Amino acid sequence: MIALFTDFGASDIYVAQMKAVLLRDAPAGTPILDMLHGVPNFNARAGAHLLAALAPQFPTRSVFVAVIDPGVGSDRPAVALEAEGRWFVGPDNGLLSVIAARAGKPRVERIVWRPNGMSNSFHGRDLFAPIAALLAGGHHPDDKLAPAERLAVEFGGGDLGEVIYIDHYGNVITGLRAASISPATSLRAGGHTIEWAHTFADAPIDTPFWYENSIGLAEIALPLGSASARLELGIGERITIAGND
Amino acid sequence: MIALFTDFGASDIYVAQMKAVLLRDAPAGTPILDMLHGVPNFNARAGAHLLAALAPQFPTRSVFVAVIDPGVGSDRPAVALEAEGRWFVGPDNGLLSVIAARAGKPRVERIVWRPNGMSNSFHGRDLFAPIAALLAGGHHPDDKLAPAERLAVEFGGGDLGEVIYIDHYGNVITGLRAASISPATSLRAGGHTIEWAHTFADAPIDTPFWYENSIGLAEIALPLGSASARLELGIGERITIAGND
Amino acid sequence: MIALFTDFGASDIYVAQMKAVLLRDAPAGTPILDMLHGVPNFNARAGAHLLAALAPQFPTRSVFVAVIDPGVGSDRPAVALEAEGRWFVGPDNGLLSVIAARAGKPRVERIVWRPNGMSNSFHGRDLFAPIAALLAGGHHPDDKLAPAERLAVEFGGGDLGEVIYIDHYGNVITGLRAASISPATSLRAGGHTIEWAHTFADAPIDTPFWYENSIGLAEIALPLGSASARLELGIGERITIAGND
C-alpha cells in the first residue's frame, strides 16, 4: 500500500498528478490510499506529530509519501526513512523526525537522484512519488539513495503541547499522547480548564471534555458540537497539563 | 463493491483508517467507493432518507458501511441489514431503517462480536469495517451476527418533509420522493412558494424551482446559482406540498 | 486509466454515482482517478484552459470524463474527442475546445446514443460515463458515435488572460502559459503589479510574485500565505502582461 499524507488539499489539482506517477511506476494493483491531504498548510511540526500518531494504524510494509514542503525549490534535502517496517518518503524538514525518534532502528537515506525536468514547486509529483513507487515494488534504488547518519532537522520524539489538527466536527487534536497523562488530570487551553471523560457517551451535557482519541492522542471534544468553536481554539494554540503549567 | 456512507468528512483523518481495515480484510481487488462522507453531522434521520434514495444507484451485492454515529461508545446496538440484495452495516440508530422499511424482506442481524482493543469513539474502523469486509467476501460470520426480529430504532418508510442535504452548488434536496407529488403542485419552504419545472433547462430565469432530481427526490434548485442561499434554506427546514400544508 | 474532471465537488453525492457506472462498465481493474472536481462551478471556459494544462500530466491512452455542464437537459450536443492519444468525453459547450484547438489532428465524434431512462440533470452518470467506459476498454462504439467536422462551441487555442483557478493555499492560477511570457516581465491584476521570480524559494519576503507553475501556467503566489486573499483576486479577474495592457 502507498499512503499519501500531505497539505495538498483533498479537493485540489495536486493529488491526482502525484497518483498518475504512482500508477505509472508502482506495481499494478498497488492500493493508493489518501491518508490525509488536510495537514495544516506549511506546518511540518504539526504534521510530524499527527503522522506519528496515524502511521501505526496502517499496515507494516506500507510506503508513505509525506509532503508538507514550504521549502520546495530551496536546498532542503529529500529523504527516505525506514522505521518499524514502514517506509516514509518526503522532505527532510522535520516532518519525518518524530517517527524516526520514536522508532527502534530508523534507517535514513538521502535521496540523491534528481529526475530530468523536475519542477521547482512540486517535488511530491516529480521526486517523492517515483521513489515511493520503487520502494513499494520492493526495490531499494541504490543509485538514487545514499545512507545518512541522521535527519537534517529533528523535532525529537517527545509530545507537543499544542493543537495540531482540528477535524471537521470541530474536535481539537493535541500533540500530547494520552498514555502520558493521568486520566484524573485536566488540560488547560486558551484560558479554559478541560476535564477528562472516558468518551463522548460519558461526557457531561454541553461541556467540552478531553479524552484519549482513537489514535492515542489527547483530544478536546464537545458532544454534538464543535469544541474548536466553543473554546475558540486554533492550530498551534498551547495546551498544558494541569499541575504542569 | 464496498460503498462508504458517513459523516466522517471527505477531507479528514477517519476515512483512510477505515479503508486500511477494508484493504486488509476484504478480498483483494474489491473496489472501495466513497459514496458520501458529507452527510449532515450527527444527523441519522437525514442520512437515512438520503441513503435510501442513493443506494439503488449502486449495484446489488454491494456492501454499504453507513456510519452516522453520535451514540458511539454508548450501548446503542450495531447491526447488519440485508435488503434487496445489498448489505448495510452500521449503528442501529435509525440510519438503516428507511431502507429496511421500504425493502421486501429485510433481514436484520445484530452484531454481537466485539474486537479486542475496540476504541470507544471509532466503531467505523474497529467494528463495522471488519464485518463489512467479511460480508464483501461472501462470508456470513455466524459467530459474529445474531438474527433479530427488527431494528431498535425505526423511522418508517414514508417521506420526510424536510431539507436533508444541500449540495455544493446550493441545490436543496428534500426527503420527499418526487413520484409521490403531482408535477403541477408547488412546494412551500421557509415562507416561499416554489413552482415545479421539468429540469434546469426549462426553468424560468433567475427563479428557484423544484424538480425530480437524478435520485428521485424533490429538489429545489436555481439555475447557475444557489437556491439554498437565495431562499435561506438549511438542513432540517420544513418542506410542505402546497394544498397539504 | 479513466480520469474525472468536473465541477461536481469532491465531497458531494455525484462522483460516486458516476464511478459506480464506470466500475460496472469499464474493464475490471481500470484505475479511476479523481483529477479535479473543483473546477469553478458552471465555468466551462476556465475549465477548458485548466484541463488543457493538466491533461498532458496524465498518460496517453487515458480517457477523461470532463463535465462542467450548466446546459444539461437542453439540446447542447455531447461529444467524444480524441487528441494526442487521449480521449475526452463531455458536453460540447467549449470545455474540450482548447484541447482540440491545440492538438495535432483532433478527432471529433458526436455522441448520438441516448440510454433508456437517462436523467435530465446528470449526464455525467447516465451518458458520459458509459461512453468513457467503452472507450477505456478499447472499443469504439460505432453505433453510439458519429464523426463530426468540428466542435459546436470553440474557445480557440490561445491563452486566457484571466484567473481560472485558485488553489486551497490561495495560489492564483491564470490561463496564461508561462512559456509565452518573458520572465523579466510583470503581470498586472486588480490594480497590482506583480513581479516574476523563479520559484517560492527565490521570492522576496512577504510579497506576491508570479512564476511558471508545475503545469506550465503563470501563477501568482505568496510564500507561506494566500496571494488570493492578499491581492483580493477571484475567478475571472482580468490578468494582463505589463506592456501589453
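Lettered A, B and C in written order, each chain numbered from 1.
FYI, a contact is a pair of C-beta atoms (placed from the backbone, for glycine too) under 8 Å apart; a residue touches a chain by one contact, two chains touch by 3 or more.
Quick caveat, the model's predicted, so the values are computed rather than measured.
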| item | value |
| --- | --- |
| C-alpha-based rotation, chain A on chain B, 0 to 180 degrees, nearest 5 | 120 |
| Same-residue or different-residue interface between chain A and chain C, half as cut-off | different |
| For chain A paired with chain C, centre-to-centre distance based on mean C-alpha positions, whole Å | 31 |
| Overlap residues in chain A, where contacts from two or more other chains coincide | 9-11, 29 |
| Of chain C, residues touching chain B in the complex | 9-17, 19-20, 23-24, 28-29, 41-42, 70-74, 119-122, 125-126 |
| Chain C to chain A touching residues, read off their complex | 1, 3, 9-11, 29, 31, 33-38, 50, 54, 57-59, 165, 167-169, 198-202, 211, 213-215, 223-224 |
